[in-house]
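In what follows, structures are represented as structure tokens.
Below, subunit A partners subunit B and then partners subunit C, in two separate complexes.
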Partner chain A sequence: MRSEFLKAALISLLLFLIFIGAWHMATLPKESATLAGANAEYAALMGKGAEKSGGFPPPAEVGRAFVTYLSDPFYDRGPNDKGIAIQLAHSLGRVGMGFFLAVLVALPLGFAIGMSPLLTRALDPFIQVLKPVSPLAWMPLALYTLKDSSVSGVFVIFICSIWPMLINTAFGVASVRRDWLNVARTLEVRPLRKAFLVILPAAAPTILTGMRISMGIAWLVIVAAEMLVGGTGIGYFVWNEWNNLALPNVIFAITMIGVVGMLLDMVFGRLQKLVTYRE
Partner chain B sequence: MSSHFLLVEALKKVYPSGAGGKDNPPVFEDIHFHIDKGEFVCIVGHSGCGKTTILNVLAGLEQATAGDAFMDGREVKGPSLDRGVVFQSHALMPWMSVLGNVAFAVKSKWPDWSRDKITAHCTRYLEMVGLGQSIHKKPSELSGGMKQRVGIARAFAIQPKMLLLDEPFGALDALTRGTIQDELLKIVQATHQTVFMITHDVDEAILLADKILLMSNGPHAKIAEIVEITMPRQRTRAAIHHDPQYYLIRNHLVDFLVNRSKSYAGADAEMFHDAKNPPVVRPGLERERAPVLTLTTETPAPPLKRAINH
Partner chain C sequence: MSLHDPFDPNLRTTACNCGHHDSQTEHDADLHETEKLNSRVLQSTVMRALFPQDAERRRFLSAVGASTAWAAISSLIPFGTLEAMAQEKGSLEKKDLKIGFIPITCASPLLMADPLGFYKKQGLNVTMVKTAGWALIRDKVQNREYDASHMLAPMPIAMSMGIGSNPMPLNVATIQNTNGQAITLHVKHKDKRDPKMWKGFKFAVPFEFSMHNFLLRYYVAEHGLDPDKDIQIRVVPPPEMVANLRAGNLDGYLSPDPFNQRAVYDEVGFLHLLSRDLWDGHPCCSFGVPTDFIQQNPNTFAALYRAILTAAAMARDPKNRPLMAEVLSPANYLNQPKTVLEQVLSGKFADGLGNVQNVPNRVDFDPFPWYSMAVWILSQMKRWGYIKGEVRYQDIAEKVYLLTDARKRMAEIGMTPPKADSQKFKVMGKEFDYTKPDAYINSFAIKRT
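After this line comes the complex of A and B, so read on.
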């Protein structure tokens, strides 16, 4: 098992090196002296140093971006120039807020829907219609009614996180084993105690699966939402660097988004493991 | 009426049929019986005669279509802590420890008990079923027999007036079943608990019961006979089959299940069978007694009816 793990790590590392190598080879500056000489004047006219290549950035350049940003993640030099940690913190703050609000709504509502077949049927059409709507489609409405771009971002996260949680909670609650409910009934357990000590733990694995999916979607959506509303956040950072034509920074941001997304998923994976029971 | 601890009168259950069809025949009807305090009653019958439904009605988990059940002079309406239920599938909550499962029940019965008192109480009952060593384990770490013991401890721990057991040993292997039967027997003899139990196992019924309710086949199932187990109450699994009464009773029960259980439906059955007062028989005391229904087994049923019953 241990050696399997090592082997896998080795192969991962090898693949990564091959990828970097191929990338490096593909972005080597072309050695055509005559062309370079002819263009030098043009390049100078365009306000660029001759040594700067206009093509796709080579890995070394991206590496430099990694080093610069990671060596000072917390600086703040005005609205368009903040450290990566600050940008990520803004995004995480919005995701956390929207997600938390979604939990507050989705858990009780999902409980109610799961407990009552009537409510399930009554609310089903709304859920089915609203669920497939891209969360960004809410943005104009949110901007118009909430009149604040940051709050609108939170709202978009809220609206996209709510569906998987709601549906999974309702499903988990509705499919709690009859036997356990019967035990609670024969013991005359009061409704609140039953909800917290029987139904919630029984449905917890399903509910956490929903939360994990929601968090994944929220992290996907926040980038797009921040590109739209601007101001702060990792999505805005990506857009800003695109406008600066600083592709190394964009690649750096993409990696950061991936890493943070993975960490979030790991946290929820852990939580899921915590509430999962073996029968 | 109030002289009996548990009284069941004219119980009937009809399950609603699917979309728009005409009504299903009742699973059982005209169920009359009573249980006295401290009695151990087993109910035996083929699958589909509604045994579990009767138990669920007594537990308050299901509503009968007609008829009433009274316990201790009060009508049985909905579930109650006065009746402990042991479920066939043990129904332990897998996220709680063994102790937690029993404590959940005890806390439901006595909400204002202190934590220590609850733990002590639960431990006592878990030790009674031989699980003193594993109180902190999760149900998933236990064998099937041990899980069912926890279920039994949980039911006993709330000290119900009556215990309802829905085929508690059905899913266990024969050896485990034997040891748990012995334990149940000991506990019941010590506590004089009133018990109503479903079983498919004739030997189990003879070992444990004071009387056995024999049910005819469903639909229109009825209580065909009440068999009194006349052997002395101090029974053990090891010695019971040496009792001369044992095989008389056993043969009577098997005869019923194999031959007679299907002949109680229809109009001709009403001529010889009074569902309100099903015959009480003591096969253990009557040597070579002719079966109650010799008459019907010898006169062949009409061919059509035969075809339906088989």
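After this line comes the complex of A and C, so read on.
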């Protein structure tokens, strides 16, 4: 088991090195042959000779972006230029808020749907229609009606992360083993007690799977939403660097988005393990 | 006009014009405090309005006494409010302001006022918020997230008229910049300099209600292309234009700088033509303020006005352009390489075709909101079918463009505003007579009316 783990890590590292190496080779600076005949002044105005990224950035340049941003993650140079930690905190704040609201709605509603086959059938068409709507499609509507861009951002997270939770909760609740419910009935357990002591623990693994999927979606959505609404957050950071066509910074941001997304997923993975039971 | 205590019953009618001094010079020397002067003016105006007869006023004052008279009158007339309105440097109603902007050189005066401390000097704490596109600027102004904003010159007109949004009365306090736009084409079109060869091209403009849209339509129509049928015009936020041009998503665009120069710098495009070659001195962006904000915060608005005009006056001077490139290039503002901004602002630039051009008025920052500019914008909105039916050009222009205010404030900070309200100008060699906009529209072969 132990050696298996080491082997996997070794292969991961090897793959990473090959990737960086290939990237480095592919982005080696080409001889600039364009300057023949053109005068020096024109070349200077075009930024030749100076530090200028032409084409895709080599890994070293991206590495420099990592060092610059990570060495000073909390700087604040005005409302439109803040350190990466501050941006991530803004994004996480929005995601947390939207996700929390989604949990508040999805769990009780999911319980209700799961316990009543009638409700399941009645609400199913709505859920099926609303579920596949892209987050950005909600944005104009949200901005127009909510009249506030940060609230709209939270709303979009909410509306996109609610569905997996709702569906999973309903499914989990509906598929609690009949025997357990029958036992509860024989013992004359009150409905509320039954919900918390029998159904909830039984459905918890499925519910948490739903939450984990929802969190993944919320983190996907925040980047798109912030690119649209701007102001703060990791999505805005990507957009701002895109304007400047500063690809090293964009690659840096992509990596950060990936790492944070992974951490969030790990947290929910742990929680999932906590509530899993063996029958 | 009497500027001294109008409640003094012992006024002399000789010597100076208030009767308190032996000569007019002595009188003038006495009136140095502007605030005092303002309230005196107000008080005397009111007193004189109430008692037009000099003798009658004096009789009234000596009968009841000055202070009683003052108390009686001020209970009826809100002197405090009147004075606040007259005293421009009165207390600010709102100090923390949020102003939106799009990261383009057009926003220079608004932006540079921040790092150079012009807002602070007026006692304002302004947060400049970078925004992703013009539609979002419109929504955030409507939602009152922004107190005021950088806007395209036609936007306040369109929004006030309720075209493309719910109607919301807005004013143009100043024009932000004149000229400073360009038509950029993809490098693969270097041999297609004649617009007649552009059939099927995909162009981008920043917004429907923009000078860019109207100028591009005008330009291709003058060359016989119908902008609605022969080419495609898409709305793309300026910051995303270079990336789209590089991806081959667009054949070209008429957009604000620095994105024209940036396309050259990144070797994906070349400058086909500067917008000053179409109409030298055309407006582009403006400083838009909701009308109710002005009414509710007259002093704040005045302070804001002064800060922006100070910046505009500074931006007009070519000497200051290198400094502007310096303060605007960081990520908090335009987030562009300094050399790109320098080329835009100084007018000495690489055109992407291997030449260095020198056009000192490539961009300028004349803040004066001519009515004739608004009338031209309206004429094009009508020409392309954005507004239908009868248009009261002059009325709308006068309602939206705050020309009198701008003139007053410009004079206050030592600028010399033009005397006229409107002027004739030429767009691509064709004269525009602001008194006959309908005849102008009818003179075009390609139109939607």
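Definition applied: the second predicted complex is superposed on the first by the 261 of 279 C-alpha atoms of A that agree within 3 Å, B and C clash if a C-alpha of one lies under 4 Å from a C-alpha of the other, contacts with A are read in each partner's own complex, and residues count from 1 in each chain.
Throughout what follows, a contact is a pair of C-beta atoms (placed from the backbone, for glycine too) under 8 Å apart; a residue touches a chain by one contact, two chains touch by 3 or more.
These numbers were taken from a predicted model, which means no experiment stands behind them.
Partners subunit B and subunit C, brought together by superposition on subunit A, fit side by side with no clash.
After overlaying the two complexes on the shared chain, residue contacts for A:Gly78 are found with subunit C alone; subunit B is out of touch. In the superposition on chain A, contact of A:Val198 is made with subunit B only, not with subunit C. Which of subunit B and subunit C touches more residues of subunit A: that partner is C.
Of the two partner chains placed by superposition, only subunit C is touched by A:Gly231; subunit B is not.
In the superposition on chain A, A:Arg2 makes contact with neither subunit B nor subunit C. Of the two partner chains placed by the overlay, only subunit C lies in contact with A:Leu245; subunit B stays clear of it. Superposition on the shared chain A places subunit B and subunit C such that, viewed from the Cα centre of subunit A, they span 140 degrees in steps of 10.
Once both structures are fitted on chain A, no C-alpha atom of subunit B lies closer than 51 Å to one of subunit C. Within the complex formed with subunit A, the subunit B residues making contact are 59-61, 79-81, 83-85, 87, 89, 91, 93-96, 104-105, 108-109, 138-140, 158.
Across the complex, subunit A meets subunit C through its residues 38-39, 41-42, 44-47, 50, 52, 54, 77-81, 143-144, 147-149, 227-231, 239-245.
Listing the residues of subunit A that touch subunit B in their complex gives 177, 179-180, 182-183, 185-189, 193, 197-198, 201-202, 204, 275, 277-279. Of all residues in subunit C, only 103, 114, 127-132, 136, 139-140, 142-145, 239-240, 242-243, 262, 264-267, 330-333, 335-337, 339, 343, 348-350, 354-356 touch subunit A in the complex they form.
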